[in-house]
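Here is the structure we will look at, set down as structure tokens.
Chains here go by letter, A, B, C, D and E, matching the order in which they are written, and residues are numbered from 1 within each.
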């Protein structure tokens, strides 16, 4: 097992775990803002891990035939990751701000979850 | 069980669940967002089924534009569906169940999913796919009409200029073929795995004379070649449908303009004071624009084309309008300009057809675009019409957004 | 299992269509109806695209020869998926969004004219208008 | 020999059609000047009478008609139908003169003169509104009547039949009151309803089966009956469609339009009940029986016999209803229903003698009934009375009117010396000849009933003293009186000189195979 | 120098559709001259279709392959007598309606969007013509959507006079889209089974399949196409969108749409049932005869009864239109020469009559402001020409002899008799009786009631409205008196659709 595949596997596992916890948080957290917080993680960190991990792969096996991965595909994957790395936080920010403007109040300890 | 099916079975369940949620959720905003999600899931399904162009369009149109339109409408209407006493409409359910049962009955005799022996994969499409679109005459080009068909005298060109064109065309084709053969590119070989029809043989014969590194005379993206060449006439009307939608929205929603008045006065979005959004927007819009232009012009080679590119271009402008306010958008792209450009796009498309007609060919016979080298006419024509589509789609989408966002006239 | 999967796609498309169809008929909110109409149409798209799939097929794009230029990891030397349904569905998607846009425009106008987008309330208002007209005609 | 250029250009039956149409235009143009307008009406009426008489006597077109032995059915250059319009191949609007139609045309054109005269008096006397519309529609109705009379095929007859319904509709609805409009709706509904629902179906079916709608002796069905493509039950069904489709013949139970139409001004009632509409109905019935179905075909398949019983029942039931009507015009209307069935019953016996009776009765009843209606209108104009119970002693104030009325009554009952006697004579002979005892019984009963509902009116008028609170009034305006007397005189004259009608009736007989 | 003559003769079929498309696009740019422009365009289109018709009448038919692709691959226009006739009807009506539209549109549509109105108007005509001329199943769908989308928008433009135009339009939109989706689905099923989209090729493939009638996919395709087409042509009981849509649309739109849109729907049914599935499949192997006849017959009666109850003249006529569609459908469902010919003749006749009547009502609305029965009172005196047109049209609906309606009934009843169905023959004529009743409501109001309200001050409508109306009504009377052209064409076209060739 080459180094890149190990790194790739680790990154993928990390990404999936973050996604999982993000989803869990979305269900479990008490209010809008904290839920958005976990969702934001899924959007940015998890996808970054996954995309970078995928970019490290250098061959794909389909039906027993191995195909090499074009460098162009790696570049594209990295670019997508980069794009999401910028847009996802922006979107989270915009949603939070919209919620603030709309008057959604954050949850405080002791209140019942919304 | 192929991987297509494996991914499919999971994705489609998700899609179905989303669909039910879309219908049943009471908040209309949620329904709009869910329908966006539904479209994105659908796009994944299309990708999984190798339908890249459709996936692209679905993502851009269904996931992007439709959702924007829905939310734009919700701003003007209501946020929630009214509560009703009975949630389930049994009559509708019955009709639905019966229709569904009828449809299921119809599937029982269908060729199985992915069956290579299905008629659709064997009858006409292989012939089309194997055509070298770039070449219009001779063995591999536009085929002589099949047996049993008596052409109107459209191929015999009795009069001067047409005769000239016809001869020129035949000559040019031969020359082009000779040239291609002479330049000695390598063969294209066995990537064409189609085994049907007489074209197969012809294809193989020619394949040896064909160069490596090019696409054996094919327009690489067969979807585009079908879309813009074989069924180019359909696509022209598809563009006209888009234009129609834009014109209808203008008819239905545009405020009465006083002479000279062109800009909406009030600010519709209150996101303008958000620094982060503005910066990010300014950062990304150039990329989006470039990407859109790339998708339009790259349509023949890879997934994409006028629709997808046009929608992407439009999103850039819509984003701009959302962040900086519609007056600013109007300054950049005046209403009058989008109106005219929407017309010009379709006109470009149909103009290509009219031009070929004027040159003595049939409507949209791209070979007549460049009589000196008919082979070049096809890609040229396809590029032109894709641009026509792109322009119209882009401007109409912006128009639709503008109209939906417009406040009621007082 | 494979028997089911052979027509699985066709059945799911029916499910999607029928969900949309039910929404169109049963939902009394006009925007809901418009969205459901979209689902209904998407169901048909799924049918068409499913029709296009060929075993081992791939995206219907010609690749240049050789592995050097644009390798496609899924490129099996097999037939394409059928491009024709894709072409048709491109058209249909565009038609769908056009219809959605016009429908939404009409809904906005309805909301402006009647103050509601609930089908039942609209029907009530219209009935009243009709009754008034009938009374006028009977005078 | 009149040598007018126009007569060489326009075939005579077409001329008969055109004159009232042109008259209608003239009336419309002269609408603002009542005297000129009514002058135009009279002028048209006289011209039409001249043309029709001309056709009859052969003055206008000698080669066509005059020779007594002329076989007008054999297609020659001069007897071929005049095609006006060919709508579809084989479906054409065409005209042709034959004796039965001649009878009808003669009656209609003669009585139109009197009716016009009468209308002038009545409309002015009652200060009716919309008089121009009234005269226009009247003229157009007469044009349709001429079309019916001279139709060369069933299709043309149907067209003119419908036109007649349409042109008489505004006459019935003339007053414009809700009651009038409602009655007119019944009138049109029943007439158009039956004709479109049944007659048209029969017509299209006939065309579908035989491909021929031309009137000819022996009818169009002989061939298809012979080669078996048409069976007797289907022929019976067709016959049913025709008989009930011709709603204007007022066979029970589709007679209801007739009493309903009584809301119209009296000249209209007279036109409806004596001249145009009901006669168009029975004329069509007779014509269909003789020239479309052919007596032979009907006899051989025995598909026409039911009509005798239906018509007989109509006679008796309508007479009984008439007994209980107090409104004079309604009583007359029910009398008409019963008298029309005389003609139907005569035609349905299918014997030559009975057919003559039918033709005769068309004429006789026309004169008799128009007299009665004229008289009724005269009473309304002069005394504003509608009900029989108010007529006590009116004969003294209106001797001419009531005298004419009496003559009309006698004709209805069939007492000599009135025209009614002659037709009844032939009818009885026909029944005797064919051996339908039922018909004899019906005739006897109905004669008694006729007497029972008509004679009391005469008795009241002449022998009862007028009520005390009666306001004094004299005779109606002179045009009315002249018209009434003229028709009454006609009724009597027809008894003494039945030659015209008889001659034509004999010709019908001769024309039969 | 471009040789236009040749251009036109060689590309005639394409120009019939491309010209209004270009016209519609450019109409947005011509500003105030949009009406003039549209009139010129529709007039030229009419001339083109007339040329096309004469060419087709003389010869065996015409074909045009777009992009010079062989018809099995590309899109083909295929013109026989049937669609040449319908094209002539649609373009003729469109031309007259466009002339009529000027004043009516000025009255009802805000001035700042006339150019877009005419643009959409011309695109609607493009769609209708395109459906009629094409020989490609999917092209039908695309053009169907163009025509539908434009018509939704045009109907909704009645919003300024009556907001119910909006709900009517939306209802039409939803039902119409469902119908179009069913058609799309049917085409998809057929594509799956036959592998082709060309209609003639589809037919050939279906014929080549020995077990076509047992193939459940084909059966379901047939059923869904039938339902979709019925929705589009407003066959009872799928007509619910029609009455309101016609009632509240702007006058010119109602006239144009009522005269053409459902007719084109019927034409599609002709194509799908006769050309793609073929006579044998549709009428011998499938129970379509019974289904269609029952729908049509029940529709004739029920919509007739509903029409009687209406108090708005436009709505009354709209219900009557549904009944008339019943006649048309009954005619072709009989699938015998007379029936099909009757159906075709009635397509033309009804288009002329109903178009003319809706135009006349538009003139009433122009002068009086509404089409309630109350507004019609006393119109015979105030607006004699308009009232006369309504009366003549009503006589046509009744099927009065010497009007076009009679010719239709003539063939339809014969068709029913040839099909051995006396009951249907009677139903057709019973429908006429209902027509007597409902049209007489209008006639009574016009001639036997005294005018009141705005009607009392109304004068005859301007000639720009009256003349087109009279032209259509005049046509309906002319072709009632001399029906050789319509009936002859219809009989020939019908014979070509049915087995056994020419009669």
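Quick notes on this structure:
The rule is short, and it goes like this: a contact is a pair of C-beta atoms (placed from the backbone, for glycine too) under 8 Å apart; a residue touches a chain by one contact, two chains touch by 3 or more.
Since this is a predicted model, take the numbers as computed values, not measurements.
Removing subunit E from consideration leaves the other chains connected by touching in the groups A, B, C | D. Path length between subunit B and subunit E in the chain contact graph, taken as the least number of steps between touching chains: 1.
Looking at which two chains touch through the most C-beta pairs, you get B-C. Comparing per-chain C-alpha centres with the mean over every protein C-alpha atom, the closest match is chain E. Seen from the C-alpha centroid of subunit A, the farthest chain centroid is that of D. Relative to subunit C, the most remote chain by averaged C-alpha coordinates is D.
Here the CA centre of subunit D is 44 Å from the CA centre of subunit E. Distance from the subunit A centre to the subunit C centre is 30 Å, each centre being the mean of its Cα atoms. Separation between the centroids of subunit C and subunit E, computed from CA atoms only, is 27 Å. In subunit B, the residues that touch at least two other chains are 103, 107-108, 110, 118, 120-121, 125, 128, 231, 234, 238, 241, 244-245, 248, 252.
Among the residues of subunit A, those touching two or more other chains are numbered 62. Shared contact sites, meaning residues of subunit D that touch two or more other chains, are absent. Those residues of subunit D that touch subunit E in the complex are listed here as 85-89, 91, 93, 155, 158-159, 162-163, 166, 170, 173, 176, 181, 185, 188-189, 192-193, 196-198, 200-201, 204-205, 207-208. In the complex of the two chains, the subunit E residues touching subunit D come out as 395, 398-402, 407, 409-410, 413-414, 417-418, 425-426, 429-430, 432-433, 436-437, 440, 444, 447-449, 480-484, 487. Residues 1-2, 5-12, 14-23, 25-29, 31-32, 35-36, 38-39, 42, 45-46, 49-66, 69, 74, 77-91, 93-102, 104-109, 111-112, 116-118, 120-121 of subunit C are the ones that touch subunit B when the two sit in their complex. Interface residues of subunit C facing subunit E in the complex, by the touch rule stated above, are 21, 24, 30, 33-34, 37, 40-41, 44, 47-48, 51, 84-85, 88, 91-92, 95, 98-99, 102-103, 105-107, 109-110, 113-114, 122, 126, 129, 133-134, 136-139.
Of all residues in subunit B, only 102-103, 105-111, 118-125, 127-128, 131, 136, 142-146, 149, 151-152, 154, 159, 161-162, 229-234, 236-238, 240-241, 243-245, 247-248, 250-252, 254, 256-257, 339-340, 343, 346-347, 350, 353-354, 357-358, 361-367 touch subunit E in the complex they form.
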